[in-house]
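Before anything else, here is the set of structures, which you'll find just below.
Two complexes are shown next, each including subunit A; its partner changes from subunit B in the first to subunit C in the second.
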Partner chain A sequence: MFSFPVDEPNLCPRHEEGFQLETLNGEIVLLHPSRNIIIHGSQTSALIWQLCDGARTVGEIVELLSAAYPDAAEDIRADVPAAIQQLIHHGALTVK
Partner chain B sequence: MSAQKLSRREALKLLAAATGAAALSALPPTWSKPDLQIGVLPAHAQTSLLHILSTFFFPEEVDPGRSYCYDGMIVRFTAIITPPTTGILLQYSLTYNVTGVPGSITSPSPATGTVATDASGRASIDVTVLPDSPFFGTEGTLTVVWSFVNPADGTNTASQDYDVLISC
Partner chain C sequence: MNPFSSSDLFVHFAGSTIRFTCFHPKVRKEIETHFAHCLGKNGPIIASYKLAAVGDDLVSISLNGSELLSKINLGQAMHFLMQDSLTRLIDASASHLVFHAAALAYRRQGVILCGKSGSGKSTLAARLTAAGMRYLTDEAISLAVNEEEIGGFCRSIVLKQGSAFLWQNLTAGNNILHLDDHSAWVPPTLFNPTAICLNVMPSVLLFPQYIPAAPLHVQRLTSAEALFRLLQCLVNARNFSDGGMSAAARLARGTVAYALEYSDLEFAAQWIIQTASTP
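Right after this comes the complex of A and B.
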């Protein structure tokens, strides 16, 4: 099983192919019919997913979200790598 | 990127552009811990072309600008099937459990019926709850139970609750 180094800020996560994205009120549902996976994410999960475009590093995503939500900067430093790790673990994101 | 030097407004603008949000107001106003619910569908869902019924979309109030308590409340429930397929009939069964001032479901009537999925696999119903008295509002829990009309289409049932509070 792939283990994502949560303290590695220079990795660039990107979407794994094959997921169908549905959004409603800012929340997301990711479906991967051929792999039988369904993922529902809250608004903040949706933000993280959408920022994982293969160009931004984990560190840049953390910095951008911390600038947008400065009161939660400390939480964001922990939440973002954890959410990305979870999405990688379930095959929704990959890293380069 | 020099996000550390960004102002909050600049960062929100960048976020809106990156996420396709039509307006800054579409972004979450505050940060909350990301919540991910991950399900693995049964293998037979793919091989037998059965559909799986889920209710991952939270119920939402429709037309929240209704300003008088006697206007009642309209709540939209949405079910989704996977893989997405159009035209699959889902049955809904609605109940309103009064926990405070009485009220009732006025639409749809009757409170049990069918609706077909769209191309994205979703089916929605708008439910209207009105206070029994136009002067006192109502409080209760609105529940919908979804199921397949034709069991050959898929498996699973799913239910959703929405807490109604109309105060005058």
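Right after this comes the complex of A and C.
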């Protein structure tokens, strides 16, 4: 299993191809029909997914979200890499 | 020239039809009994089974002209036909999403029970039918991609040995088919003569799980949680370019969803009826 270095802020995560996205009341469900992968994500995961465009680094995503939610900045620094790692683990994100 | 013979029976589900050409009177009677509410042509014929008698009690089955099974007993033949024909109907359907689920109706409210084998769908479906709900299916529901109502594969209810208490005291028990694995196929009308419902607007989406000795535990699900679970029960996703996502999401959005853990059948059935009867 690929292990994502959660303390590496310069990686640029991007969506794996073939995923269908549905947003329901802020939460997301991702489906990859041919690989039979189904993922449910919280509102936080939905935001992170949207920001993982292959151009932004993990560090930039953390900074963007920290600026948007300053009261939660400390949690965001821990939660964003963990959420990205989860999405990579499920095959929904890849990094370059 | 009429390509169909009087020996032909047709079973339809999810926009496709299977033809059974029966030269075995006992098999014909069992098909007429246990597929009673999905008989008839509706959509293209996607497979043709020929069922021939071998002696008095054995059956040979061919599919589209090729022999599949020979000299099997009646129960084995029906078990095979039920599984194989449903698989073919599901695989052929590109117009309807098919979910592994039971479904019932209370007045105009449809209740879907989604879950894998062993979750208790059939046992709950039988108990709820006996309690007055109308029966669509204990196995598979269909949702046309552009429609709101669901339909069911309206076969007999297939009950495992552990649920025998539900049918043991029924009258007209000669219509129950007993299989070698001690399961029983029980026509839903034996539980409730006016039970059958062919289509209904879904309003409640349940994900039951039978857990021995567990107290009744109900958890309300968000629409996304419901969709996540619903997609796991979608059995023909590969037939749709979006994997069935948009139609499944519409179903999740339009229903109230719960996860339901239970061990006591009566408590669970009462809760479901109460929930379905609440506007």
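In this text, the second predicted complex is superposed on the first by the 96 of 96 C-alpha atoms of A that agree within 3 Å, B and C clash if a C-alpha of one lies under 4 Å from a C-alpha of the other, contacts with A are read in each partner's own complex, and residues count from 1 in each chain.
We adopt the following convention: contacts are C-beta pairs under 8 Å (C-beta built on N, C-alpha and C of every residue); 3 or more make two chains touch, one makes a residue touch a chain.
Because the structure is a prediction, the values reported are computed rather than measured.
Overlap between subunit B and subunit C is detected when the two structures are superposed via subunit A. Once the two structures are overlaid, the count of subunit A residues touched is higher for B than for its counterpart among subunit B and subunit C. When the two complexes are overlaid on their common chain A, residue A:27 makes contact with subunit B and with subunit C alike.
Shared-chain residue A:95: touches no atom of subunit B or subunit C. Judged by the touch definition given at the top, the superposed model places A:38 against both subunit B and subunit C. After overlaying the two complexes on the shared chain, residue contacts for A:51 are found with subunit B alone; subunit C is out of touch. Once the two complexes are overlaid on the shared chain, A:11 sits clear of subunit B and of subunit C alike.
Shared-chain residue A:72: touches subunit B; no touch with subunit C. Once the complexes are superposed on chain A, the part of subunit B occupying the same space as subunit C corresponds, among 4-12, 76-84 or 130-138, to 76-84. With the contact threshold set out at the top, residues 20, 22, 24-25, 27, 29, 31, 33-34, 36, 38-41 of subunit A are in contact with subunit B in one structure and with subunit C in the other. Across the complex, subunit A meets subunit C through its residues 20, 22-25, 27-29, 31-34, 36, 38-41. Interface of subunit A with subunit B (complex): residues 20, 22, 24-27, 29, 31, 33-34, 36-48, 50-51, 53, 56, 60, 63-72, 75-76, 79-80, 82-83, 86-87, 90.
Remark: subunit B residues 1, 3-4, 6-8, 10-12, 14-15, 18-21, 26-28, 30-43, 45-46, 52, 54, 56-58, 60, 78, 80, 82-84, 120, 122 touch subunit A in the complex.
Remark: subunit C residues 222-225, 227-228, 231-232, 237-238, 240, 242-246, 249, 252-253 touch subunit A in the complex.
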